[in-house]
Structures are given as structure tokens and as C-alpha cells.
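Same chain, two partners: chain A is paired with chain B first, then with chain C.
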Partner chain A sequence: MINNIGYVFLAAALAVSLYGVVVPHLGVVRNNWNLVRSAQFATILNLLLVLGASAVLMRGFLMDDFSIRFVWQNSSTDLPLGYKIAAFWGGMDGSLLFWELVLAGFAAVVAYSYQRSNREIIPYVIVVLNIIQVFLLFLLTTYSNPLGLQAPIPLEGRGLNPLLQHPSMAAHPPLLYLGYIGFSVPFAFAIASLIRGKLDNAWVVTTRRWTLFAWYSLIVGQMLGGQWAYEELGWGGYWGWDPVENAALMPWLTGTAFLHSIMLQEKRNMMKVWNVALIIITFSLSILGTFIVRSGVLNSVHAFARSEIGPAFLIFIALVMVASFYLMFLRIKLLESRHTAERLLSKESTFLLNNLFLVGIAFTVFLGTVFPLIAEAVRGTKLSIQAPFFNTIIGPLGVALLALLGLCTLIAWRHSNARALLRNLRLPLGVAVAAAALMALLGLRHPGALLVFSIAAFTSTVLVSDYLRSVLARARQQRQSLLSAAGDTIMRNQQRFGGLVIHLGVVFLFVGLTGNLLNSERILTLTLNQPVRVEHYTLLFKGMKEEQVRNARLRAAEIEVYRDGEFLETLRPARSFYPTQPDPLTEVAIRRTLAEDLYLVLASENAGGTVTIRARINPLVIWAWFAFPLFSVGVVAALLYRPRRLEAPETPKGLGYA
Partner chain B sequence: MSRTVQFAVGGAVIAAILIGIIYQGTQSTVFFHTPSEILAAPSDFKGKLIRIGALVLPASTHWNEDAVRLEFKITEDSRQTIPVIFEGVKPDMYREGQGVVIEGRMDGQGVFRANTLLVKHSEEYDVDQAKRIDKEQMYRSLMKAEQ
Partner chain C sequence: MWKSWKFWLVMSGVVTVVGVLAYGFTVNPKFVKSPLLNGPAPNFTITRLGGGETLTLSELKGTPVLLNFWASWCLACRDEAHVLQAAHKLYEEGQGRLRVLGIAIQDTPEKSMAFARAFGKTYFLALDNVAGDISLSYGLYGVPETFFIDAQGIIRFKHVGAVTPQLVRNNLATLLAPNDEGKQ
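What follows is the complex of A and B.
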């Protein structure tokens, strides 16, 4: 009964969204602001309805109500409470509902936050956000109903896929969705501005924070996904150019390009067409991402079943792109920029190069991901594109980006003095050469790794000395103490400081990723109490141990780890057996240090009492995770910054999102 | 003048990316084949890096833990088989009679030397249990999954 009410909520939300598509337009045409007001109210009503439907589904999970098919498919009575909640987005139908819930929330916030500052375009922002919601609610009430019922009612559910039973998995999908959905706000503003022909910089400035927020959610979501893959899948790495990973990476790359190129529009009134095109592409890639994850057209480690919603998504993406670009070409005259980069040696040029590299990387990822599909459709041949395709093209582009990041900081807007640039380059170049020499002396022989580390040293020197130089200048000019000058430099220009910290995070990320060039793996069979050497470690197998951990039975190999004769710790790589699953799952054991991870996988227990393990040494993995706190601090700082435009008196307070 | 330089720099970057894509596209692409294609013309495939989607022949697995070597036979119809040697460990979901995708090269003795072994049956997480038994269906879904 209550479950039927949930479905009624969804159907009603669909009707309300349709209202929100039509009525704001009527309001504008008839010049009747009350109609727009009613559409604003409809976004709240819509949110309440979707919240109601979500509450019904959540109740199903919490009460183990297996009359709801989706609950039966993704949960079981033995599941810990946290995972019962996370199972909400553990399957396709529930994650679509989650998507719709977040979008409904965003739409309500947007409809009310910007009603005065963007009065001209807000009706069409509401229209665009409602069009997306109509699409989602249509799917939720037809092909992909998370509240579909079944009879007879099973006594036990099929259980959440044990691979998904990991803390990162509770947060990884919602964060990716926040990212994807976050981009729909700047997209809606861009389209609304195109419709109204009001193409100043307002849409860019207004949605800057949404873009930052979406960017941050996507990268953190991906890092959590990498962490999950690293700890749960047991193949030893965290990034494998899997189609589903690529799907999340593409909008993030174009979104990163967008974040930079809107600065050119904001500061120099350039790149207006490019920015509109970039946000259309970013939003389309976000939907493509969901399509790839949820339709099962591409083979992937992420085991979601194939479903009928694939074609619906493809049609929607096609409609979005055709309609958006058609609108853009209708307005192309209004988008002409008066400025261009005047000199090659200017900050503008480095931004253009940055965009070129990022979009080039996104394009490479796109081709590598969809080319097998196209080849299959056109020529009927089945093929697979291997990691070297991505690594050999994207590796150099990434390294170039890292170097550009340092260079860009040293180059001024409009035009830079070559002699001053050379003078400023002396210190960072010196540090880079010294770092490379030192690492070569310490025995690092991999040329690629040496190059990246030395560029990382260059870029971080530039970033840190740039900050220190402004602190010193400030202390001298204002006659302040160094400490208060250090604080003031941050508070005076939060955007710049935020950028600096995020860019430092990027350097850390690169260092961590480069560790992948240096890892090693050995597969060995261990006999009880017989030490085996793996590089500088000695492993000693002490026997098997069995224990119950939550809903799983664990069989672990106790392996003592020594280094230079000194005992370090006991690692317990294991295999776990879940009651709802026929096959055991690998539970890796990792010893993490700053320099490297020792990563053990129990591959098999053999007849003679021996065990076979895979032992990997993964250098510098932790450095990639260090990027997370830096991104967080940097994004918070950048969010605090208010663009000058928005400080005009008619601007209401509460500009941010909830 | 500076616009020309800008276009030259941008054009060079784009050209480099495109050349990289085309070159790596030929280098890093691995084609899929079925056991019957290989058995029909074994000499065509010798030494070439390929992927095969097939089923593991029941009662054909031999796991040598000391050498860390997995040996089994693959088939698509239970009549024609290809012996496989994989220098590595048995994946968690490895089952005889189930689908695998292997990557490697045919050696001179008609043995496939695999360097990658992927198990492909958990893909159908949502399909009814009954359907898994149908091998024809299984095999088709296996190849479809591996696009």
C-alpha cells in the first residue's frame, strides 16, 4: 500500500515537472511574473514529492520489504545498516531516483536563490532543469521504476553485491552524481541565456561556484572509486582505463577546462562561444557517463546488468546536443568576443594551451572508450583498446599540463616580459635540476619518472615561492609582521590562494600517479614458516586463520613482514565468503608507508597447506590520496571568493547553494 | 604575427595528439577471435597478440602452485579445444564451463600462452539463474559483453 503511494508521488512529480517546463515560458511570453512564481513554487512541490518517493524506497530498505523488487535485488536481512542505506544507489533504478532527488533539490535552490539577480533568465533556467527532470521521472515511472512490486514476497533478498560493501562505495556514487548533476546548473544558465539572448558574463559569474562544486565532487568521487578499486578488486592498482572510470573522467576533464576558460571570459571577455560549447559538452558527457555506467553497452568491472534505458539515454543526449548547439549557432553573433590573446607570451596563451591539452586528453579518452563500440557497429569486428593507448598519449599531455601549471603562474596577463620571465625561472629550474640529480644519485633510473618528479619539483617551487613572494611584498608595503601578512595574503585573494592549493594538490596527484611507473609484482607460493624475500621485505607464512566479520566468513593467511631482520607487522590477506554469493571474494592486505605500499593478495590455498600470494610493491600511492585534503582546502577557499560583479547592491545575500 | 604563431602552436599540439591517437590506435588495439577462427587457420595467428572469448572445458583445469601456472582448455562447442597456459593464479570467479576472456599469443605447438585471464560470468548480475545454464546464450552474452 505505502509502496503504491511512492509510485503515485513519482507520477505526480512528473506532472509537476511538465508544468515547470511549460509555465515559466508562458509567464515570460505573457509578461506575467505570477506564472513564473508558480513555477518556482512547483520546484518545491516537486522536491517534496520526490523526497516522499525516496522515503518510501528507503523505508523498504530499512524494513527489509522484499515486496519491492528493487529492495529484494539489492539488499538482504543480514546486511549491516549502513549498507542497507547505501544499497539505495547500489542498483540502477535507485540511483536514478537518487539523481532525480538531488536534481530536484538543486532546482528548488536555484529557482529561489537567483530570482532577483538573474530575473531575466531564471524562468528559462527553471524550464531547462525541469526538462531534465521530466526525462528522469519518465524513466522512473516507466522502464526503471525503483518501486516496482512483486508477489509472492520472497523471505530473503538477493543481497548487495559484496564488492560494493566497502565504505568508499557508500560515498563514491553519490559524489559522482553530485558532480554530474552539479554541471546541469551552469548548463541550464547557459541555455537560458542563449534562449533570452542575454549573453553577457552573468551566467558564467553566477554559476562559478556550482561549477567548482561539481568539479570537486567529481574528483573526490573518482578518488574514492580508485580507493575502492585498490582495496576491493585486488588487481593491485586504482585506475585501469575502464570505460566506467573513463565515463566519470571525461566530464571532469572538460569541466576543468571550463573552470579555467571562464576565467578568461570573466577577466578578459574572451572565449564566449568556447565556454558555451564547453558546458554543453560537459553536461552531455555527464549524461553519457550515466549511460555508459547504466546501460551496460561497454564491458566493465562494474557489474551492472544491461537494461532498456540505454536507447532512451542516447536519444536524450542526442536531443540535448542538437538543441543546444542549434541555439548556440542562432546566437553566435552575440557571442563574439572583442578580445583575443595579444601576445604568445601571456597568461591568456597559457590558458588556451591548458584548454587545448585538457580537451585533447578528454578527446583521447572519448575515442578510446567508444571506438570499440563504433568498430563493432560499423565493421562487425570486436576489438579492445589497451591501456598503452591511453598512457602513451595522455601521459605526455599530462606532463605538459604539469609544466604549464608552473609556467602559467610566472606569466602575466596580456603580455609578459621575456627577460623577467627568465629571471623568475632561475630558482624553480634550479630546484628541478637539483631534484632530478638527487633522485638519480639515489638510484632512480626510470627516465619518465625522473622527468615527472623534476617537473613536479619545478611547479611546486613556482607555486610556493609565488605565495611567499606576495607575503614578503605585503609585509614590506603594509609594514606588517610576516605572520599577519601571510594570513592577509590568503584572505585578500581567496580565489588565488584556493587555486594555488588545488594546484599543489595536482602536483601531489601527479607524483602519486607516477608511482605506477615504478611498481613491481611477484607471485609466490609460501610454505609454512619458510621465509621468502620480496625485494627488501621478507615474508613469513604463519598459518591460516578463520573468523566471522559482519556478514562474511573470512579465511586469512597470517603473514609476518620483516625488513632488514626487523619485524614490521602481520598482514592478513584473505578470502571472504558471503552467504548470498557463490564465490569467495579477495580481501587484500596493505602496509602503507610514505614511500610505498606493500600489497598482498591471497590467490589460492593449495592442497599441501601452502598458499599462493601475489605480492606487489606500489610506490608513492599515498601521495595521490594527499591531493584530497589539498583539493578540499583549495575549493573551500575558492568558494569563499565573491566575483566583483555579484557584489553589486541589487544582489541578494544567500548566493551559494545549500 | 602573434596570431599566426598562436595558430601554429595550437595546430602543432592538435596534430601531435591526432598522430599519437592514430599511431597508438594501431599499436594498442587487440582483436577478438573465437576458438574456431583460430583452429581454422592456426598459422595466421601464430605470435600475434589476440583476445579469445570462450568457455573453459569441464575437467580440463590443472593448477600447478609451485610453478604458479594455470593450465586449461577452451572451447565454444565442447568438440574443438585449444590448450591454454596462463602464468598466473586462478581468479576468484574462475569456474569450468564458464566464460573467460584470455589475451596472449599462440605458440608454435598450438598452445595459447595467455598473459591475461578475465572471468566473465558475474557480468549477468541481474539475469535469472535459469538462463545461466544455457551455454549458447552464455556464449553470446559473453561476446556481447566484451565489446
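What follows is the complex of A and C.
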């Protein structure tokens, strides 16, 4: 009964969203603000309805109500409470409902927050956000109903995939969705501005925080996904260029390009067409991400079932892109800006270069991801694009981007003095050379790793010295103490400080990723109490131990780890047996230090009491994780910054009112 | 707008992308059929990794061959390494009834040898040339991929992805069966 009510909520929400698509437009045409106001209110009503439907589904999970097919598919009575909640987005239907729930929340916030500051375009922002909701609610009430019922009612659920029972995995999908949904806000503002022909910088300035939020959610979501793969899948890495991973990476790359190029529009009134195009592409890619994950058209190691919603998603993507680009070209005269980069050696042109690289990388990833389909369509041959393609092409592009990051920080707005630039280059270049020489002396022989580390040293020197120089200048000019100048430099320009910290995070991320060039792996058979050496570690197998952990039975190999004769700790790589799963899952054991991870996987237990393990040494993994706190601090600082609104003289009369 | 070449360029880009993705609905990415199945295995000559010994497939007629394509960068190859090594120990070294060959693709000699050492592979390993002639002639979809070739040099079965002990056992049972044509 209650479950049927949930479905009624969804159907009602669909009707309310349709209202929100049509009525704001009528309000503008008839110049009746009351109609717009009713659509504003409808966003609240819509949120309440979707919230109601979500509550019904959540109740199903908490009460083990297996009459709901989706609950039966993704939960079981023995599932720990936290994972029962996370099972909400453990499957497609529920994650679409989660998407709609967050979007409904965003729409309500947007409809009320910007009614004064963006009075002219807000009706159409509401329209665009409702169009997306109509699409999602259509899926939720037809192909992909999370509240679909079944009879007879099973006594036990099929259980959440044990691989997904991991804290990172509980947080990874919602964060990716937050990122995808976050981009729909700047997208909606861009489209609304196009519809109204009001193409000043308002939409860029207003939605800057939303873009930052979406950017941050996407990168953290991806890092958690990598963390999960590393700890749970046991192949020893965290990124494999699988289509599903690429799907999340592409909108993040174009979103990063967008975050940079909107600064050009905000500060210099440039790149207006480009920014509109970038947000259209970014939003399309975020829907494409879900399409790739759920449609099953590309071969992926991620075992998602091929679902019915693929064609519907593709039609929606096609409509979004055709309609958006049509609008963009309709208004292109208004968008063309009179400003261009004045000098080759200016921050403006480095931003162009940065955009070129980011979009180029995104395009390469896209091409590599869909190329198997192109090849099959054109030549009829099956092939797959695997890691070497991506690593050979994207690795160098990424490293070039890292170098560019340092270089760009040194170049000033408008025009930069070549001689000053050379002078400022001396210190970071010196540090880079010294770092490379030091590492070579310490025994690092891998040329690629040497190159990346020395570029990382270069870029971080630029970033840190850039900040220190501002502090010194401020202390001298304002006659302040160094400490208060250090604080003031941050508070006076939070945007710049945020950027600096995030960029430092990028350097750490690159250092961590580069560890992949240096890892090593061995397969060992361990006999009871017989030490085995793995590089500088000695492993001593002490026997098997069996225990019950939550809903799984765990068989662990107790392995003592020594280094230079000194006991470090006991690692317990294990295999866990879940009642609902036919095969055991590997539980990786990791000893993590600043320099490297010792990564043990229990491959098999053999006759005669020996065990076979895979022992990997993964250098510098934790360095990639240092990016996380830096990104967090940087994003918070950048969010504090409020750009001043630029009044645009360029909005022509007559076009504003359809 | 209708006269702008940029407009048409962007729109045709959109149509192409959507068209390619729509094409994806008509094919199953997991299904890879091979015209080579039940046909003669393409011949090749390979040189042993780290040693001068060469081998030509056609000279192995009379002995069934387990031909595995792999790479040091390939993840699934890690999962199956011990399975292939076990088949080599049991049927090749132990009984002399099978040849196990591993050909690395898109790889360097150093990396593939390091991989072989790490995973204790001792059977005949070689490297495909840079152009990938051998993998092309076998219509390789990706790595790992494993071909079961009978004593007459006919490909009887192929598997895409990591092999399991079960799969190797079952297919070798057919290949090595005493009443099989291959043992005449």
C-alpha cells in the first residue's frame, strides 16, 4: 500500500515538473510574474513529492520490505545498517531516484536564491531544470521504477554486491551524481541566458560556486572510486582506463577547462562562445557518463547489467546537444567578444593553452572510449582500446599540463615582461634540476619518473614562491609583521589562494600517479614459518585464521612483515565468503608508508598448508591522497570569494522578451 | 546561422557521436566471434624472450598447442598466469603432450621478462613485433586471449579474458583425448 503511494508521488512529481516547464514561459510571455512565482513554488512541491517517494524506498530498505523488487535485488536482512542505506543507490533505479532527488533540491534552491539577482533569466532556469527532471521522472515512472512491486514476496533479499560493501563505495556514486547534477545548474543558467538573449557575464558569475562544487564532488568521487578499486578489487592499481572510469573523467576534464575559461570572461570579457560551448559539452558528457555506465554499449569490466534505459538516454543526449547548440548559434552575434589576448606572453594566452590541453585530453579519452564502436561500425572489426593507448598519449599531455601550470602562474595578466619572466624562472628551474640530480643520486633510474618529479618540483616551487613573494611585498608595503601579512594575503584574495592550494594538490596527485611507473610485483608461495624476501621486506607466514566479520566468513593468512630484521606489523590478506555469493572475494592487506605501499593479496590456499600470495610494492600511493585535503581547503577558499558583478553594456534591446 | 559552416560542423559532430552510440545498441561488446575457429592456425616464427631459441608453429604439428596472448601491462593476465604455468608443468613438462606458448603484445622485452619472472612463467615466451603481425593474423581483440590448437594445427577453441583452471582442463581434455584425431 505505502509503496503504491510512493509511485503516486513520482507520477505527481512528473506532472508538477511538466507544469514547471510550461508555466514560467507563459509568465514571461504574458508578463505575469505570478505565474513565474507559482512555478517557483512548484519546485518546492516537486521536492516534497520526490522526497516522499525516496522516503518510501528508504523505508523499504530499512524494513527489509522485499515486496519492492529493487530492495530485494540490492539488500538482504543480514546487511549492516549503513549499507542498507547505501543500497539505495547500489542499483540503477535507486540511483536515478537519488539523482532526481538531488536535482529537485538544487532546483528549489536555485529558484528562490537568484530571483532578485537574476530576475530576467530565472524563469528559464526553472524551465531548463524542469526539463531534466521531466526526463528523469519519465524514466522513474516507466522503464526504471525503483518502487516496482513483486509477488510472491521473497523471504530474503539477493544482497548488496559484496564488492560494493566498502565505505568508499557507499560515498562514491552519490558524489559522482552530485558532480553531474551540479553541472546542470550552470548549464541551466547558460541556456536560460541564450533563450533570453541576455548574454552578459551574469550567468558565469552567478554559477561559479555551483561549478566549483560540481568539480570538487566529481574529483573526490573519482578518488574514492579509485580507493575502492585499490582496496577491494585486489589487482593492485586504482585506475584502468575502463569506459566507466573514463565516463566520469571526461566531464571533470571539460569542467576544469570551464572553471579556468570563465575567469577570462569574468575578468577580461573574453571567451564567451567558448564558455557556452564548454558547459553544453560538460553537461552532455555528464549524461553521457550515465549512459555509458548503464547502457552496456561499451565493453567494461564493471559488471553492470545492460538496461532498457539506454535508448531513452541517448535520445535525451541528442536533444540536449542539438537544442543547446542551435540556441548558441542563434545568439552567436551577441556572444562574440571584441577582446582577444593582447600579447602572446600573457595570462590570457596561457589560459587558452590550458583549455586546449584539457579539452584535448578529454577528446582523446572520448575517442579511445568509443573507438571500438567506430571501428566496428566503419570496418566491421572488433577491437578494444586498452591502457597502453591512454598511457602513451595522455601521460605526456598530463605532464605537459603540469609544467604549464607552473609556467602560467609566473605570467601576468594582459602582458608579461619576458625578462621578468626569465628572472622568475631561475629559482624554480634551479630547484627542478637539483631535485632531479638528487633523486638520480639516490638511485632513481626511471627517466619518466625523474622527469615528472622534477617538473613537480618546478611547479610547486613556483606556487609556493608566488605566495611568499606576495606576503613579502605586502609586509613591506603595509609595514606589517610577516605573520599578519601571510594571513592578509590569503584573506584579500581567496580566489587566488584557493587556486594555489588546489594546484598544489594537483602536483601531489601527479607525484602519486607517477608511482605507478615504479611499482613491482611478485607471486610467492609461503610455507609456515619460513621467511621470504620481497625487496627490502621479509615476510613470515604464521598460519591461517578464520573469523566472522559482519555478514561474511573471513579466512586470513597471518603474515608478519619485517624490515632489516625488525618486526613491523602483521598483515592479514584474506578471502571472504559471503552467504549470497558463490565465489570468495579477496580482501587486500596494505602496509602504507609515505614512500610506498606493501600490498598483499591472498591468491590461494594450497594443499600441504602453503599459501600463494601476490606481493606488490606500490610507491607513493599516499601522495595522491594528499591531494584530497588540499582540494578541500582550496575549494572552500575559492567558494568564499565573491566576484563583483559586471554590468554588461552588450545586451541589446528588444531581444530579451520573447 | 544556416549559412555558418561552424554550425553545420558542430551539428554533424553531434549527429556522428549520437549515431555511433546508437550503433552500439545493435552489437554486443562481449561477443567476439572469430572466423579462425575450426580453421588452420596462422603460422608464425618467434624467438624466445631472453634467449636465441626460435620456434615455428608449423613445426609443432602432431602436438596440441595452448597459445596465449598476454602483456605485462594487462591486469587479467595476472589472474591467469598461474593457471597457464600449471598447465605447462603438468602437460608439457610432466607428460610431454602439449606445447604452451605465450606471446606478449605491445610490450618491451624488459617489462615482459620482469613480468615473467614475477609470476614464475617458465614456458616458451616471446614478443610480437612492433607492428603486431602475429596478433593481427589471429584477429586479436585484446589481451589476454587464448587459443587451443589441436595436433593438426586447427584452432578448436578460443577464449577472450583470463582463463580459469576449469576452462583449461575442459578444453585440453578434448584436445588431448586419446581417440582424438590429433593423436593418430
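We adopt the following convention: the second predicted complex is superposed on the first by the 642 of 658 C-alpha atoms of A that agree within 3 Å, B and C clash if a C-alpha of one lies under 4 Å from a C-alpha of the other, contacts with A are read in each partner's own complex, and residues count from 1 in each chain.
Here, a contact is a pair of C-beta atoms (placed from the backbone, for glycine too) under 8 Å apart; a residue touches a chain by one contact, two chains touch by 3 or more.
This is a predicted model, so every value here is computed, not measured.
J.: Check chain A with both chain B and chain C modelled on it and let me know: fit or clash.
T.: clash
J.: Check the residue A:599 against both partner chains and state whether it touches chain B (first), chain C (second), both, or neither.
T.: neither
J.: Which holds for A:73: it touches chain B only (first), chain C only (second), both, or neither?
T.: The answer is first: A:73 touches chain B but not chain C.
J.: Determine, under the contact definition given at the top, whether A:384 touches first (chain B), second (chain C), both, or neither.
T.: So A:384 meets both chain B and chain C here.
J.: Let me test your reading of the model: by the given contact rule, A:311 touches which partner, first (chain B), second (chain C), both or neither?
T.: second
J.: Which holds for A:372: it touches chain B only (first), chain C only (second), both, or neither?
T.: A:372: touches chain B and chain C.
J.: Touch test for A:393: chain B only (first), chain C only (second), both, or neither?
T.: First partner only.
J.: Quick one: is A:180 in contact with chain B, with chain C, with both, or with neither? Answer first, second, both or neither.
T.: Neither partner.
J.: Which partner, chain B or chain C, touches the larger number of chain A residues?
T.: In the superposed model, B touches more residues of chain A.
J.: Report for A:520: first if it touches chain B alone, second if chain C alone, otherwise both or neither.
T.: In the superposition, A:520 touches chain C alone.
J.: Now for A:360: first (chain B), second (chain C), both, or neither, which partner does it touch?
T.: first
J.: Would you please give the residues of chain A that touch chain B in one complex and also touch chain C in the other complex?
T.: 296-299, 372-373, 376, 381-384, 386-388, 523, 603, 612, 614
J.: In their complex, what parts of chain A are in touch with chain C?
T.: Residues of chain A touching chain C: 235-237, 240, 291, 295-299, 310-311, 314, 317-318, 321-322, 325, 329-330, 332, 370, 372-374, 376-377, 381-384, 386-388, 391, 520-523, 603, 612, 614.
J.: For the complex, which residues does chain A have touching chain B?
T.: 73, 161, 296-299, 303-305, 340-344, 349, 352-353, 356-357, 360, 363-364, 367, 371-373, 376, 381-389, 392-393, 396-397, 523-525, 575, 583-586, 603-604, 606-608, 610, 612, 614
J.: In their shared complex, at which residues does chain B touch chain A?
T.: By the definition above, chain B touches chain A via 2-3, 5-6, 9-10, 13-14, 17, 20-21, 24-25, 27-32, 51, 53, 63, 65-66, 68, 88-90, 92-93, 95, 103, 122-127, 143, 145-147.
J.: Sort out for me which residues of chain C touch chain A in the complex.
T.: Per the stated touch rule, the residues are 1, 4, 6-7, 10-11, 14, 17-18, 20-25, 27, 29-30, 32, 71, 73-75, 78-79, 81-82, 106, 114, 118-120, 139, 141-143.
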